[in-house]
Amino acid sequence: MYQEVILDHYKHPHGRGLRDGDAEVHHVNPTCGDEITLRVKYDGATVADVSYEGQGCSISQASASVLNDLLVGKELAEAQKIQATFLELMQSKGQIEPDDAMEEVLEDAVAFAGVSKYPARVKCALLSWMAWKDATAQALGDGAERKTA
Amino acid sequence: MYQEVILDHYKHPHGRGLRDGDAEVHHVNPTCGDEITLRVKYDGATVADVSYEGQGCSISQASASVLNDLLVGKELAEAQKIQATFLELMQSKGQIEPDDAMEEVLEDAVAFAGVSKYPARVKCALLSWMAWKDATAQALGDGAERKTA
Amino acid sequence: MTQLPGLLDTEAIRKDFPLLDRVIHDGKKIVYLDNAATSQKPRQVLDALNAYYEQSNANVHRGVHVLAEEATALYEGARDKVAAFINAPSRDEVIFTKNASESLNLVANMLGWADEPYRVDAETEIVITEMEHHSNIVPWQLLSQRTGAKLKWFGITDDGRLDLSNIDEIITEKTKIVSFTLVSNIMGTINPVDTIIRRAQEVGALVCIDASQAAPHMVLDVQALQADFVAFTGHKMVGPTGIGVLWGRQELLEDLPPFLGGGEMIETVSMSSSTYAPAPHKFEAGTPPIAQAVGLGAAVDYLTAIGMDKIAAHEHAITEYAVKRLSEVEGLRIIGPTTAEDRGATISFTLGDIHPHDVGQVLDELGIAVRVGHHCARPVCLRYGIPATTRASFYLYSTPAEVDALVEGLEHVRNFFG
Amino acid sequence: MTQLPGLLDTEAIRKDFPLLDRVIHDGKKIVYLDNAATSQKPRQVLDALNAYYEQSNANVHRGVHVLAEEATALYEGARDKVAAFINAPSRDEVIFTKNASESLNLVANMLGWADEPYRVDAETEIVITEMEHHSNIVPWQLLSQRTGAKLKWFGITDDGRLDLSNIDEIITEKTKIVSFTLVSNIMGTINPVDTIIRRAQEVGALVCIDASQAAPHMVLDVQALQADFVAFTGHKMVGPTGIGVLWGRQELLEDLPPFLGGGEMIETVSMSSSTYAPAPHKFEAGTPPIAQAVGLGAAVDYLTAIGMDKIAAHEHAITEYAVKRLSEVEGLRIIGPTTAEDRGATISFTLGDIHPHDVGQVLDELGIAVRVGHHCARPVCLRYGIPATTRASFYLYSTPAEVDALVEGLEHVRNFFG
């Protein structure tokens, strides 16, 4: 499961650190103690920034870094599509072999396909993504869905 | 376990029926519903009578009949010895093969040796004997032990 | 050999059950008619247990090593199987316990510690029936003693049915919970769930169904039943000992407080306070009966492959035959329904004046295993003024020849003590 | 191969445990170092389970047929074995539960519903420690919430020992019960029972010992311990899942009220009231984990044949070696006692900044099974300000070569994430 890409993001996280934002959330995975504090900044419907601080395993750290790469600069609708696709992949229990279409959407994040085979680690990979969804709902109000999975 | 002797006592119980006594007890085996009402009459230290009424299985009924045979007319000390010997036999889990000495004490009651192999039935065989012990303690006061096993 | 319509291929089925080849008392092959007490286990269930222990044994949840992942998948997979078996709307509604008794105590305790609107207290009433197994009586007596709630019950008619004539007085606006058995473990009676549930819903009472004698023998569909809780036990349905099930409606399980506290049932713990995991884990404290759940999953697979409707039909045919044959035995009186209508394959009876202990013992000497006593349903014996009954209970592997053996055995008993 | 004084003949012992031959991840033989979570099972225990199900399976007690007699003798025979294993004064003091968690909840609930002088209520105090498994925390938190009793606890020192410096303020005249673990499941610490018991006896408090991590690994003598209750669990001591034990002093078990109600635990039942059987049956509602008790009996036979003192010596040698080797790993910090004195063969550690999940996962890929997380002892992690630990735990079949494999694996982990 430790793809080179994942290790790279873990060792050299992108966009780490807390910067100015419209909303901040703090998410915890109680079973393993992984934590993340995440802020989103919107410029209209564009994801202007996603900044974060956290502690946890390589999977949760790398996943936050990948998220930053993928979502910053995207339109909200596009970002939500990426989030949904990542969620789908992670919940696939190793059953989805990412195809070209998925790779186009997820880029580096397809490296997490292997993680989906490990139920205990799926939550780690999703931590920052759930935090982003939640923060977005707070920043933009009820227009974006609020529910976290 | 159904020795001819046991069946005989069951079909033709000796001394059954309630007669005049010094003390009366009512014992129940809650797990199977066997019941006995038993009275003892003493003439000094001599067991003058043991009378009883009850309902229950052949083992509990035959055992009361055998008790009546064995104990009526005996001196208390002798009767207690018989009771103790019967108790020992019944708690032997089929490990005691009654010898001549035991047969001399227990007479017909050695037929119950086979019952001791069946834990669920030992209580049936002992019901009247425990009742007798209890009634005797009541009739004679603390001189005879009170504890029932 | 007697052929009845609806019988299963018992010759094939019996090959799966090693114990049915057991020989006792110098060469007598066992005739096992004590299925209401516990069932025998097929090779498939034993294989599942052995495979679990030999290849995948580990503690479940929270582990990242292969064995822990496998054990968790097997354990949670068993939950999926049980959920499908009872047609549960969600797998999260299936709680594993150690037996049906724990399941029923769990319901009683959840309601005792609940907040409104569920809370059972001195102002409220609990309803059970005179036909219950002690495991569906004592928990409610304890709850009633400890909360002051009033315990009420339905009586039984002369022919072994629930007497619902006064249902509106028994189930009232004060009733918080109605708990009753779907099938009587002593008389085999199948109870009219609909009538009771309709009245309970009218007054807003919760309904708990003891399906211990139903789950092994018929299609059990918790959605069709419309109850709030359904309890049953693994060992009676070709599963291992040490595992029971409580199904409960999700909203209730979310709202109700936990019962046993410990590992696995928490979300987060500090010395001063804890929060709880969502159901079903909230109600599963400590290392669960992992191997036993896996075994129950295999049991459910086994029963499903044969088909619960086919098993029910088989048992109905056997019951019809047994009721007919038994009523030919002189002095035999069936305690409970005397026809095969609305009854399961559990038949209690008395035989003249002969005490059930003697009946059972002599049958045993012939190799026939029946149960004697009050069958943990003493109020039924009290109701009929008898100390005990002899009970023969059949299952998917029972044959008409075994009914014949029982009837012959009873004739022998009559002669022996006659 | 490394030879240490006091080692058992692990080559012979390992042949008894089928799972230890398990091969994972393309040909890596498993190195099972998750024994504090659960132990593997020897062939002898699996054989006992199979023999029970294939030859003697029946419901226990009250039956007059051969199978019921056999099953009862096997089940009650297991009680005799467990009683002998812990040197209980009487077999009737041994209660079978489903796991240690149920045993601990049983104690908490007995005391909550008890009459004086045992009753825990708003005027009284409960004492535990910061080192407990959640299963010895949450039941007492629940009891405290439900009765108003105050919950107090002993803290932990920097080197993983109980801080008893303020024992006289923690255990006071108000204390009704002191419940603590004999061996920590996260740090391996062996606690000073005598000191705590002496103080508890001074103030007349009852003492409950959680021996879940002790019973598998050392001689456990309940008379020598002088506690009032001792709880442990079968699956950690080469027994099956689904079975636990509570030992309690006879007078207490006689005086204290029942917890779960149902079949088997009664003396007589009528609709309006019931009386209870004497202990241990009073506390065993419903069909017990029969096969699992039989399996635990076989486990106890297995351990006894090897000798608990020999097992303790073996584990001590392994621990000494492991502590030494682990401290050679750069960046590794042991959480808990850093020598082999007064500690068991369970060693928790952190490795630099590498998250335990990553440590565990990479070890798993090498075939090494350790546990990572808070090990159901989250207050210990909070105490040391860490989210989780990696825990390696050894048992009678563990070898120095497995310690070496772990150390090599950790070097690999360091390089991998370095």
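Chains: A, B, C and D, in written order; residue numbering restarts at 1 for each.
The working rule: a residue touches a chain if its C-beta (ideal position, glycine included) is under 8 Å from a C-beta of that chain, and two chains touch if they have at least 3 such contacts.
All figures in this text were calculated on a predicted structure; none of them were measured in a lab.
Visitor: Counting hops between chains that touch, how far apart are subunit B and subunit D?
Guide: Minimum step count, subunit B to subunit D: 1.
Visitor: Where the centre means the average of the CA atoms, what chain is farthest from subunit C?
Guide: For subunit C, the chain whose C-alpha mean is farthest off is A.
Visitor: For subunit A and subunit D, let me know how many angstrom lie between their CA-based centres, rounded off.
Guide: 39
Visitor: In whole angstrom, how far does the Cα centroid of subunit A sit from the Cα centroid of subunit B?
Guide: Roughly 81 Å separates the two chain centres.
Visitor: Need the CA-centroid distance for the pair subunit C / subunit D, whole Å please.
Guide: Computed from C-alpha means, the inter-chain centre distance equals 31 Å.
Visitor: At least two other chains touched by the same residue of subunit A: list those residues.
Guide: Answer for subunit A, listing residues that touch two or more other chains: 31-32, 118, 120-121.
Visitor: Among the residues of subunit D, which are close enough to touch at least two other chains?
Guide: Those would be 62-64, 68, 268, 357, 361, 372-373.
Visitor: Write out the stretch or stretches of subunit D touching subunit C in their complex.
Guide: Listed in rising order, the residues of subunit D that touch subunit C are 18-19, 22, 24-25, 30, 32, 34, 37-38, 40-41, 46, 49-50, 53-55, 57-59, 62-68, 98-102, 104-105, 113, 130, 133-139, 141-142, 146, 151, 153, 233, 235, 240-244, 258, 260-266, 268-274, 285-292, 357, 360-361, 363-364, 368-373, 376, 378-379, 382.
Visitor: Quick one: which bits of subunit A touch subunit C in the complex? Just the residue numbers, please.
Guide: Per the touch definition, subunit A meets subunit C at residues 30-32, 118-121.
Visitor: Could you please specify the touching residues of subunit A with respect to subunit D in the complex?
Guide: 1-2, 7, 10-11, 31-35, 55-59, 118, 120-121, 124
Visitor: Note which residues of subunit D are touching subunit A in the complex, please.
Guide: My answer: residues 355-358, 361-362, 372-374, 381, 387-388, 416-417.
Visitor: Of all residues in subunit C, which touch subunit A in the complex?
Guide: Contacts found on subunit C: 61-64, 68-69, 72-73, 267-268.
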